[in-house]
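Below, chain A partners chain B and then partners chain C, in two separate complexes.
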Partner chain A sequence: MKRKTRTLIQDSVASTVAIFLGVILVFPLIYCVCGAFKTPHEFLTPTLLPGSFSYLGNFEEALEKGNLLRYTANSFIIALVGTTVRLIFSILAAYAFAYYDFRFKNLCFFLILGTMMIPADVLLATNYLTVSKLRLLNSYLGVMIVSFVSAAQMFMLRQRFKSVPKDMREAAQIDGYGDISYMINVLLPISKPVLTTLFVQSFITLWNAYLWPLIVTASSPHMRTIMVGITKLNSWEDENYQLVLAGVCISLIPSLVLFILMRRNMKKGGIDGALVG
Partner chain B sequence: MKTGTTLQHRRRAKTRKKVFLLLLPIMLFGIVFVYYPFIRTIVNSFSLVNAKGIIKGFAGLDNWAYTFGRKDFVLALKHTLTIAAVNVPITIIITISLALLANKKRKMSPLYEFLFTLPMAVSMSAACMIFKSMFSPSVGFINYFFGLNLGWYESKDTALAAILILTIWMGIGFNFLLMLSALRAIPEQIIEATKVDGISPLRRIFRVQLPLISPTIFFVLCTNLVLAMMTSAPVIIIMGVSSASSATNTLMSMMYQSGFSSSDYGLAAVLSITTFILTLGFTIMSFVFEKRKVHYQ
Partner chain C sequence: MKRFLVVLLTVFFALTAIFAAAEKEVAPVEQVELGSQPVTITFWHSASDDAGLLVDEYIKEFNATNEYQITVDAIYQGQYSDATTLMKTIISAENYRELPDIMQLDATGKLDYYNSGKAFTIDDAVKYFNDDIVGEYLGGALGNWQFGGVQLGLPFATSTSITYFNKDILKAAGWDKGPDTFDDIIKLSKDMKAKGISVATYGAVPNTPTLANWLGQLGSYVVNNSNGADATATKLACIDNGALKTFLTKWKQMYDAGALKNESLSTNQFVAGEVAVFTASSSNVNSLLSKVGGKFEIGASSFLRVNSSASHGATVSGSCLVLFDSEDALKKAATWEFIKFMTGAKIQADFAAGTGYTPGHKGAVEDENYQNFIAATPQFSVAPEQLAKTPASMRSVTVGPTVDFYYAIQNEVTDMLNNGATVDATVASMQESLQGLLDNYLRTNP
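On to the complex of A and B.
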């Protein structure tokens, strides 16, 4: 009994400390939401809370003047199409590695995995020149084209496909399924949890990308993504922080929603899938 | 017999064609957007490259000598190494401490686990804008709350520290999650055994739990090292062209400026390759260290 009360006290102390630290950790987000509701005048006094949470002027101005509506649409198209293409490429390659034996199989496999060893930032300048030579600057394709290859995703899918019993494919072949119909009707439906995780992660990664979209869309402001857009809402001369914070809030909504969904998914299926970028 | 081999032959040809088509997209894009630019960047670093990125001749080590002789290169190198040397150990210490605190499952666990991991969902540019506002010397909350009078991102003395606070914050969520799942994967019996033996909690942490999660610590070390060496976005977004920007320039932000502001692709290539080699060197060093210190079960 005595021991039980001691653990109870220990646990509540630990919980309190943990929650306190947690609030400090997410404080920048709390600050951001509060700041977004401040009027420009209120923002001049650096208190945390706004007068009320009913002032929506910053959001309106960010969406209209800052053109964030357009940028949000740009980001959605880029993240959605980019993620889809990336997944399709990975599925096709993973299928070949899981089901076929061929010459140079290992070489091809390591050539694809080797792309993970080279950080994308190092390639920035040269890829920019390639994309400009292909006349893809300031286009959606130009922004997403460098993210079509994801060795990590290909690898995860290969592992998943390999764990599917071979009999399944043989049975499907006897039923007259070719490779594509087997893939669409059998393999992908049973791999749905992995596919969902990969899709969500990929979407967040592409949605959050900054440096590449910035340089590819540099000369055409209406092609910017939202992550580039929010950094253009202020300058050293004109700080406008309340506007910036409203823009940041808007940009965070999709990734926060997906993040919460992913956390729930991860609790169900372990965190194996969480390591892929 | 003869028809059998032709059939087999034909089937093999068909397989080859299928495999080719399946691998074509990823291989094509991998070669065009990863391997080609990588080799081209190495070649550029030894070439005379004009402002349109076209090679105009062999330059030997001229680009390298020019870059290494620049004062701002030495500074950028110093800043990059400082960021890596400060960021990595602090991130590891913070995330291990939080994971140890959150390890035991309690009633409130879901709440603080959620809070600890939430920064994961925030993008670099969003975080930059929030921190820039929060640390603003005039209207920022930090100076007001702590009664400070610091310039943070706007002063040469504090800019690098402020950048470090931001990059460390960005890394906490994901790495905490890794540490936590590693700690929770330690078999219950081992912890119970230490309790039966009457080993103090502190000793248990340093002698049992940390050695057992050392592979994860090693993974966090390597990935964060690479990320820290590549730091550029905070410098580009927050510092921009402000007067304090020279106090935070990193190799990668200098690469960005030389490539996209001054179209000096030779300089940009040297900076890229230098960063790559340094990062690779550190990673190899960590693997040597890993052999001696990391325990795999």
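On to the complex of A and C.
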């Protein structure tokens, strides 16, 4: 078999497998969108596609019953501020671990990494106690504060920073850059793909948070997040999955927009070399 | 130096005594009469969708019409399990001021409430207010909200499991009434196949409440201490008496005969006509009727029985309202008024008609509007009739490891059918896994 033919077959097989896997990954999303446009009667039929994509009754009902507009705004505040602060703290910590030498550096580093092994559920009561003692219950800050520090993000950024040659920092210092100006003007621009990926991942995680915001805002229902609103759309007495799917579609919009806006940077990944510029 | 220390200690004790006395003075137990000043109480609920809208309406009505200047601040706290998690978190953090005055609770939160240290049970309230209203409620509905002989809450959303069937399919198979026993399901399946009807006959996977129903019909509890209602359950109570084996044998027979789809079916699947017989909560009546519309006729009958010698009936489920001790006399009095309103005849009759739940208040059952409603929609009458027939000894299961227990039962039965295990092997396996869960819970919660 000619090499060209063999390559063509290999490419075709690889493409087919990739398309197949892609369809599997995207199918829940397609099902969700299609289901959200179905009438209650259509939802009981086994067909995937709705009669038409013009039926907006589920969206209207979801917005009203679940108070989703208000909750979307809350989720946006919590996800945006939480992600931004988390990223700032992670950058500063990662910089210290990547460039500074201090006593017990390794011990501190491994202690921080060790926190990644503690399941979030185990921390629920202790975090609640801390937030309660800080008198931050029923506040946005109370919801966000536990997400301000992330060992995983710190670790990933530290690895990225360590891959940048130290000569670069020394050269910047010769040019009169301090640590902060080197970080802002040199290190962060070349780490944009990692920062973007971490931002999107963190935003989606905080956007999807359910139990913690529910618990912290026990006495302030107006501070609830969109995920709490979605649970209001279904009940023990009546399964309204088409409403839930409409709610999920609404909740997906910010994440999708963010992903579309940042996908180029994310795709670059680690392709960019540290010595760019 | 010694003299200085003696003086210091004397001053310290003197100050302590003064502050202690002062504290007693500034916190007198003040009995304020209800209605003399405005009072706001907090109500946590898990009523969502249409039930949530009804609850909101009742709160509005109470706030607008009560004569005691009571304002109820109702907060939706997610599903029952979420609300219970929230309650447990607050209790473990000892942040009691975040607890509500009144809360809607399902069976999964019963033990946590009882052990919270802040429970103001109905028995406590009856004594405190010298107002014995317990006799106004149906015994079956009350029984589900007792633990250790204490009435924890009052029934709010009372339901039970009943059998729904697609009358059109059954008619086509030559049946003019619904199936009553597992043997009927096997017979119906044969008749359906003979008429070329390919729809599944019956679909369900046993879980904690349904197993409690079927074993209860056989006169057995799932766990000891009356299914954990009298005291903490410590061991299985269905092995030595052979009840579990009897049930599993019949369940397997249905499966082997091709009459059973061992899957947790949704109401939507029944509405879509994918199955002929379906067991579910009586609270689904309203939504089933509205979803099916005129597509086919829905029949409803008592919960399926394991065999013809088993008793009729099923345990009560749903939710109740429980009170917390706010240590504030005015709030307690306001909460007592509110719980009487929410569980009273008028609201219970209206809530039953709007959702499909069964009224827990005797007055609601006799309510004229409710009677007319039942007469017009006979499917709604099955649950109250069944409740009347259900033996008082039939109790829902209260165990510590609620969630794990539920899934362990489902997994064990599914494994038996899928892997072809024998009934005896499954009984042994269930004894090991379920008893293991109980032991583990008791070890960690002595």
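Everything below uses one rule, namely that the second predicted complex is superposed on the first by the 198 of 277 C-alpha atoms of A that agree within 3 Å, B and C clash if a C-alpha of one lies under 4 Å from a C-alpha of the other, contacts with A are read in each partner's own complex, and residues count from 1 in each chain.
In this section, a contact is a pair of C-beta atoms (placed from the backbone, for glycine too) under 8 Å apart; a residue touches a chain by one contact, two chains touch by 3 or more.
Treat the numbers as computed from the prediction; the structure is a model and nothing was measured.
Applying the stated contact rule after C-alpha superposition, one finds that A:43 touches each of chain B and chain C.
By the touch criterion defined above, A:215 lies against chain B and chain C together after alignment on the C-alpha atoms of chain A. Contacts of A:137 after superposition on the shared chain: chain C is touched, whereas chain B is not.
Of the two partner chains, chain B is the only one touched by A:26; chain C is not.
When both complexes are overlaid on chain A, the residue A:90 reaches chain B alone and has no touch with chain C.
Once the two complexes are laid over each other on the shared chain, residue contacts for A:255 go to chain B alone; chain C is not touched. Contacts of A:73 after superposition on the shared chain: neither chain B nor chain C is touched. With both structures placed on the common chain, the touch criterion links A:238 to chain C but leaves chain B unconnected.
Of the two partner chains, neither chain B nor chain C is touched by A:13. If you count the residues of chain A touched by chain B and by chain C, you find the higher number for B.
Note: residues 43-44, 46, 124-125, 128-129, 210-211, 214-215, 218, 228, 231, 233-234, 236, 239, 241 of chain A belong to the chain B contact set and to the chain C contact set alike, using the contact criterion stated above.
Residues 40-41, 43-46, 65, 124-125, 128-129, 132, 137, 210-211, 214-215, 218-219, 221, 228, 231-241, 243 of chain A touch chain C in their complex.
By the touch criterion given at the top, residues 42, 44, 47-53, 75-79, 82, 85-86, 89-90, 92-93, 95, 98, 266-268, 271-272, 281, 283-284, 286-287, 291, 293, 355-357 of chain C touch chain A in their complex. Listing the residues of chain A that touch chain B in their complex gives 11, 14-15, 17-19, 21-23, 25-26, 28-29, 31-32, 35, 43-44, 46-48, 88-90, 92-93, 95-96, 100, 102, 108, 111-112, 115, 118-119, 121-130, 145-146, 148-149, 151, 154, 179, 204, 207-208, 210-211, 214-215, 218, 227-228, 230-231, 233-234, 236, 239, 241, 244-245, 247-248, 251-252, 255-256, 258-259, 263, 270-271, 274-275. Interface residues of chain B facing chain A in the complex, by the touch rule stated above, are 15-16, 18-19, 21-23, 25-27, 29-30, 32-38, 40-41, 44, 53, 98, 101-102, 104, 106-108, 111-112, 114-134, 136, 139-141, 143-145, 169, 172, 177-178, 181, 226, 230, 232-233, 236-237, 240, 242, 252, 255-256, 259-260, 265, 268-269, 272-273, 275-276, 279.
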